[in-house]
Every structure is written in structure tokens, then in C-alpha cells.
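Sending over a structure as C-alpha cells; questions will come in a sec.
Read from first to last, the chains carry the letters A, B and C; within each, the first residue is number 1.
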Amino acid sequence: MSNTSKQSGSLRRYVLTRIALAVPMVLILLILVFVMMRVAPGDPISASQGGKLNATELAARRHAAGFDAPLYQQFWDYLKSVVTLNFGTTFSDRRSVRDIIIENGGATLTLTAGALVFATVIGIPVGLLAGRYRDRPVDVIARLASTISYAAPVFVTAPLLTLAFGSTSGQASPLTQLNVPTQTHILILDAALDGDWGAVNDILQHLLLPSIALGLLIVGVFIRMIRINLIQSLQGDYIEAARARGVKERHVVARHGFRNALVPVITVLGLQVAMLLGGAVLTEKYFNWPGIGRQLIDYINQRDYVAVQGIVTVFALVVVVISLLIDFVNALIDPRVRY
Amino acid sequence: MTEPVLSVRDLRVWYGTDRGPVRAVDGVTFDVRPGETLGLVGESGCGKSTLGRGVLGLTPPAAAVDGEVVLRSPGGAGRNLVGLPAKEIQRLRGPELGLIFQEPMTRLNPLMRISQHFEEALRAHHKGLPKQEIKARALAALRGMGIPESRYGSYPHEFSGGMRQRIMIALALVLRPAFIVADEPTTALDVLVEAQIIKILADLRKNFDTSLVLITHNLGIVAEACDRVAVMYAGHIVEQGDAREVFANPQHPYTRELLRSTISLSTTGLHFIPGSPPDLVEPPQGCRFHPRCPVAMRGCATVEPPEVVLPTGVVSACWQQAIEADPALADELGPGGREPLAAVKEISVADEA
Amino acid sequence: MATTTLPTGPIEPDASAKGTRFGGLRRITAAIREARGVPRFMLWAGAVISALFVITAVFAPLIAPYSFDTYRSGGHNFPKQGSPDGDHWFGTTVQSLDVLSRTVYGARTALEVMLLAVVFSLILGVLLGLVAGYFGGWLDRILVLVMDALFAFPYLLLAIVAGFVFSGIAGGGVVTAALSITVVYIPQYFRVVRASALSAREATFVEAARAMGAKPSVVIRKYLFGNVIQSVPVITTMNAADGIGTLAGLGFLGLGIQPTQAAEWGYDLDRAIDDANAGMWWTSLYPGLAMVIAILGFTLLGEGLNDVLNPTMRRRRISKVLLPAHTRRRTVTAPALPDVPEGEAVK
């Protein structure tokens, strides 16, 4: 391959440009989070500790936390905390936000990945079938099913799933009782690294229902997108050209139709993962899954601004990183993107 | 004279729409001999492209096709392609029948390397061809089109329009088809590239004895590259014959008007045919060209003209030649049928308004 | 989030509708009338369900036997967690509230929030989109960045954070909930309107209109009515469907409307989790079902509209063609002319 080096060079250039373009996005997101947190009346300390402390104590605490400093100073401190990945300490239980992320992030990651796997495994074949046999019964059924799955929120599908497939998950998650040495903070990886396959199996079983409940949130979108993409790509000029060369219909549909229909899906995957992260909050609450989403809700109910700001900032960063990764994968698959 | 490699008889391709069937191709008959190039000319919207696709069995599922397309190449074995099972005709497309498209930019799969396109085409028709052999054949075909070997692994978007068209031709030629339809292969390209492509197509028959149907609205190309020409209007072939003879002595008024509309160095003023090709859902009665014909007679609007085989071998579907050939036929036009039809002037006036 | 594939670019107005204010609207109604098959079914099923939802919401006081917070009637308290019977068709909750009444009033709350959210986001999104698209420059660039950031952010999380902030200001009422949801939807209207306004700036007929001295406001209005109006119905219905789900999501997380202010399905579902585990199905089934049906109605309506209006999805109707018998043209052979002297042309 004489032009491999040229291609990898353009890929590297693409990656660097894309990262540079992500910087203003991150900045805007940080400003948004910061502004939202400051729009609320009073300051975080008055809001959470207002009734519990007297005026001088309150002022001392505010000063200690830097909330009487001018806004630009506060924003600068916030930026510094983000860059150093140290998002402060919660008011309510004096935990480091970074520790919360490390300890609970793995569970959210596992759940989201499980949901994505479910949505892919179900969504791609069904979407392709529906698009291939447009307006036939399989298409009509797939469309109705996808619409219903889209219309049913996690907290409706979750109880239904629990009723239908037994209450292995129940309310109290026995997952936390698993005794595996902590290495990655991702329980399933830890168990696998420990060689404890019984525990891996146990985790997978617990993961099943929450993953399906969360995956149903986006599987309808997957089906619909893939269906439409396939219908459009099957009308493509290169499809007719392939037919004119006598390529078997089976190959025309699979090689030219399916493949070209799946590429655009990658580009919207970022939004879908973002949607999963939002849905994860609901899923974690229903299934008592020990992820960050559940932590966020707890801190919101305690009106713990530092914790909320920290967790939301992490979510924002994760979203940007995921969309970057997806763009890179897309550039690897679709040669046109790199130019 | 050698036997034609492709004989089309009474081919009809009609599309279903809400308004009724569109008679895109409505009873077309022609032959193409081995190594012969037939130019198919006419304005856009008169069924040329549909005819090309109809021959290869590439009409959309909603189209109705009948008539005969007899292919006498070794693989075709004299079978009628119309009504052949999809699997059978798919096997013929490529090694027996090739198609080159008008718009080369979107005809290659953007996600596949050029090499993968060749591998796919060759594997579809030659099972178990070794990889080395595939590459050798593909590179030979590309070299013939002037595409350097180093670009074999490139993606379509890395090529210009002219290069892509040459790749498309190489992709068609690598399977050595006996018969190729080229559907306005140069319309989307600039003039220099156009000359290149036309030369490549003209060389085809010298080197491979390939028969070609060249669809175009550019009469210059026909004069340059074609042995015979068929002029199509509103789903019919109105005149066909030896290209030089037709250009020197155009018989059908439509051919004459087309030739007059061509711009050349000797052109002193721009000529155009008033009006536009008719609606093919409800084509005009009688001769389909009569509303735009400068020499139309009353009878042309009611009675369909016969095909007149002239001594030169040219066939023209026009009452003028029919009456000349057999004055007795004039009776069919009815009383006053030979009076000139005045409608033409009105159309051209209405068109300018 | 409306995830149907909307036409991303602005739709070029066809000549027939150019200049007429209601051209866009007329095209929509015409497209709806022409709809057949699955899109037609979805449109009508969606419209019927949505209409039922709206009727239930509007006439809730007439339909529901009790108010959403009534726990006693006729001098004695309702049973606690009573199963469905003649007095309480859908049973009662742990707080002795009538499930039927709460489910019916839940529709009312959902409609209020939905309408407010759609109106707010429509106004703000269209306004910001116009400003950004028509005037361009640094303002446009910043707005686009902000909207992209909002759009990329997980929408439920965004609503949660917005709810968290707004409830600190305005308390946990219908308006707060609507505002939290509004934040999520502004970017969608913004995008569509901005794209349209951008192309309006470049469209030749707008240039001509300006050259003739038309005011920018006139140009914007004419163009928008013909153009944006095609995609707005789809976005709005999809948002309505989504709004119901998001509101319930907030309620389920305990961040939505305070239970004393209105009946809300998500809150009721949250309270019903324990009931369901204890075998009391009625407290979760009815509000859950009502919500799914309502969302389904608007989703079907939105999808049907999308299928009908999205030009790339429209399918030409195919009618089978039966070829009549072919009559071949006669062939006449012209007699060879008697020896023509060389040089003389064949006549």
C-alpha cells in the first residue's frame, strides 16, 4: 500500500483538528454549568445550611468556600478544579466528588454499555429487516414496536420487565455484597480479573433487566434510523451500478445497502449515548443500581450544590469525550470524513 | 452480413403512475451487429435511458415490459431477455451485457476501494478466481483506461469525475461484455474529458469487437463514433439507418429539426424545435411529432404513419416518405388530409409568450 | 428528544407556494389528505389518541369522580390501598387517594406543562434562531455553540439540573416543570429556524425582495411561513410526546411538581414501586398505562406527519400496468428508384 502513510497522516490531522474544535465546546458547557449553578438564589452554602447555622458562621463558611469572591474569581477556581479533575468536596457528607465518580462511575458505565449492547443486538437486525421489506408485515410490526418502545419510559418498562421475568433484581441490590478485590472500580471487570466467574455470572444476571429497560429507550430510535437509512441507500446510484455489473441481489443488499445504511448510525451514536446517560438516572433509581445517576439524585434532594456541580460537570465532559471517540471511529470507517 | 448480436423487437416499457401508465418505450425495434456502434439520439424525456435499462432488465419493479430482446452472444444463446428469471439475467449482466452510466460521481460505493469494486465484479461471475488473477485483470483494465496502478487501493472520492467514468468503464470492460449500453457517458464531464471517453469507446470495437449502444443527445458524438443511428421521439424510433446516410439525408422531419438545432461553425443563427416532447401518459394521436412538425399535414394528427424502408436502408416513420413510396396510401389520411396543419405556428408563438 | 429524521436542510419552497403566506400550511393539509397506508394509519391513530388525551385533560373535573387530592368523602376517609371496587374503579393509594381521579387529573397536569413548554421553547427557539441566522456574525457563532452544547447534553439530565435551579427560584409548580423542559427543546427549534433564515439570506428571491425595498421583517415572515412551518409540526408533536415523558421522569425522581399542587403520573409511579412489589398492581398500572398511551398518541401523530411531510420518505404510489396488445406499425418498402445519374441526390 503506497498511500498508507498518507492516509494515516490525514487521520492524525483530522483527530487533532477535531480535538481542537472540542475545546470551545467544553468551555461553553462549563460556563453553562457554572451559570446555571449561580442562577439559583443565594449561594450553595446558604441554600443548604441556611437554617442550620447562624449568620456569622454562615459568612465564615461562605468565605472559606470562596462564595463571597467575585464571579470571575469563582469561575477561575471552577476551571482550575476541572483541569485538575478535582471537583471539590460535598457539603452533605464531606466526600470528594472525584471519589464518587471513581466508585460509582463503573456501575453507570457497565449499565450504559449493557443497554447499548442490547439496543445494537436487537436494533440493527430488526431495522435492516424492516427497511429491506418496506411496507410488508415485518416492517409494520417493527415500526409499531419501535414506536411503543419509544413511548414507554424506563420506569414503566422496568416494572413490566420485573413482573414478566421474575424479580432477580428486586429492590436491595445484592451486588454491593459481592466480595471481590477492587482494582478498576468496575465490578464486572474486577470480578473477571479476580477469576471469580461465579461473581461475573451473578453480575451479568443482575445487569440483564436494567440493561434491557434502559436499552429499550433507544432501540426504537435505532430501528427507525437504520430502516430509513437502508431505504435511502437502496435507492442509491451505486446500487443500480452494482446490479448492472451482475452482482447477486443478496450481495447488493448486504454489501452496498446494509453497510452504507449503518455508517450514518455511528454519527448519531453520541446523542444516543447521551440519551442513555440521562435514562440511566431513572434506571439506577428503579433498580437501585449503584451508579452516579442515583448519587446525583440523592445530592439534588439534599440541595448539595458542590456535589451536583461536580457530577454534572463530569457528565458534560463524558459527553464531549464520547462524541470525540465516535467521530474518530467514524473517520476510521468512512474514508470521506477524513478529507 | 453477420447476424446481429442483439435484436430488439417491439420492446415496450411502461411505468405505472397515479395519472396512468407512462409509455416511456412504446414498441421499439432495432438490431446491433457485432462490433457495431449504434447511436441512440433524441431530446431528454423521450425514453432513451429507459430503453437502455429495459435491454438489461434493470427497469424498476413498477414497470411493465414486453416484446423481445434476443441476445445472441455465447452466454445469451439466442434467448429472449424479457421475462427471463431475475437470477438468469443477473448472470448475463456483466459478462454479456454492460451498462455505463451518465453520472459517474455517485456510481461507485463511497465506502469501497476501487480494488474491492473489481474484486466484487470479478468474483460475481468467475467463482474461485485467484486473487492474483483478479488483480492482474483489474490492473490491465485500469491501465487501458489510463488509471495508474498505484491508485488501485484508493477510494472513489479521491478521483475526479473523468477518472471515475474511466474507472466505471474499466469495471464494465473487465468482464469483457459482448454488448454495452453507454447512457450519456459524457454528459456530466467537461469537453476534453468527453473527447477522451469517446475515443476509448470508439477503440472498444476495434480491440474487442464489442457492440455498443451509445445513448446521447449530442449529435456530434454520433457523427464521430457511430456506425448507425436511431432517432427516438416520444417512445418511438422515428428514423434509423447508416449514420452517414442519416446525417447527409435526414428523412424524418424530427431528425431534420434536430440536425438544424445543432450548433456548428457554419451556424448563422440559433434554431430550436418549438414546444417540448409530449406527455407520455397521453401521447398525441397519429404521429407523435405532429404538434411540433413544420411539415405536418391534417392527417398526421389522426393516423399513425407506417415505417418506410427506403432504398438506402434508412427506415423513417413519416407520412411524407410513405406517400412518396406509395401514393395510394394518401387516401388513408382522409379527405383534406394532405392540407398543411396550422397548429405549429401557434405553438411556437404560445411558447414565446 | 425528537429523533425522527427531520429534513435537516431547509425545504425549498416550490413555485406554487412562493409568496403566499399559507402556502406551507396548504401543502401540509394536501400531503395529509394524500397519505395512504401505514403513515395514514399512524396519523389517524395518533390524532384520535391525542384528542382523547386533550379532552380528558380539559374536562378532568367532569370526568374524575373526585379531586386529585381528595381522601375523604361523605364524612369518612377512603380506604388505604384499597383494591378497585364500585366506589373506586381504579382503587386507592397508600395516601387514600382515588387512583382514577389522580390518573385523570394527571392528564391535565401533563397537558398544562406540555403546552407551556412547547409555547416557551417555540417562542425562544424561533426568536434566537432568527436572530442568529439572519444577522450572523459572532452572535450567531456563540448561539450555535451554546445550542450545540445544550443539544449534546443528556436531555433528562439537563431537565433535572434546570429543574433543580428553577425550583430554587420558583418552587415546584407547573411553570417550573415547564421551564425545565423548555431548556431541553429550544435547540431543536433554534436549529431549524436558523438554517432556514440562513438560506433565506442567500435565496435569490429574497435578494430580489430586498432590492425592491422589502423590510427584513417582511422577508423573514414570508419565508418562515412557507418554509419552517413544514418541520415545526413534526418537532412540536414529538416534543409534546417527549415532554410528557420528561415531566414524568422528573416526577419519578421526586424533582417535579409538588404532590400538593397537582396530580402527576411520574410521582404516582414513584410512590407505587413498593405497592407493585407487594402485589398491588393498580396504583402503578393505571397512571403508567395512561402515560404510555398519551406518549404513544403524540409519537404516532409526529411520526405520521414526518412520513407524510418529509420529502425523502414519501413514496410514489405504484400502480400495476397492464400492457394492451401491441399493434406493430405497418412497414412500407419504397421502390428502388430507377437508375439515378451519379451526383443527383436521392429525392
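Quick notes on this structure:
The working rule: a residue touches a chain if its C-beta (ideal position, glycine included) is under 8 Å from a C-beta of that chain, and two chains touch if they have at least 3 such contacts.
Here's who's who by UniProt: A, C = Peptide/nickel transport system permease protein; B = Peptide/nickel transport system ATP-binding protein.
These numbers were taken from a predicted model, which means no experiment stands behind them.
Counting only chains that touch, the fewest steps needed to get from chain B to chain C is 1. Counting C-beta pairs in contact across A-B and across A-C gives the higher total for A-C.
Comparing per-chain C-alpha centres with the mean over every protein C-alpha atom, the closest match is chain C. Taking each chain's centre as the average of its CA atoms, chain B and chain C sit 48 Å apart. Chain centres here are Cα averages; for chain A and chain B they lie 55 Å apart. Separating the CA-averaged centres of chain A and chain C is a span of 24 Å. The set of chain C residues touching two or more other chains is empty.
Shared interface positions of chain B, defined as residues touching 2 or more other chains, are absent. On chain B, the positions that touch chain C within their shared complex are 10, 12, 14-18, 21, 27, 61-64, 66-67, 249, 304-312, 317, 321-322, 324-326, 329.
Contact residues of chain C toward chain A in the complex are 1, 3-5, 37-38, 42, 145-146, 148-158, 160-162, 164-165, 168-169, 241, 245, 248-249, 252-255, 266, 269-270, 273, 276-277, 284, 288, 291-292, 295-296, 299-300, 303, 312-313.
By the touch rule above, chain A contacts chain C in their complex via residues 24-25, 28-29, 32-33, 36-37, 39-42, 47, 135, 139-140, 143, 147-148, 150-156, 159, 162-163, 167, 170-171, 221, 224-225, 228, 231-232, 268, 270-271, 274-279, 281-282, 285-286, 296-297, 300-301, 303, 308, 312, 315-316, 319-320, 323. Contacts from chain C toward chain B in the complex involve residues 316-323, 326, 328-337, 345-347. The part of chain B that touches chain A in the complex is made up of residues 56, 58, 86, 90-95, 98-99, 101, 103, 106-112, 120-121, 124-125, 150, 153-155, 157, 168, 171-172, 175.
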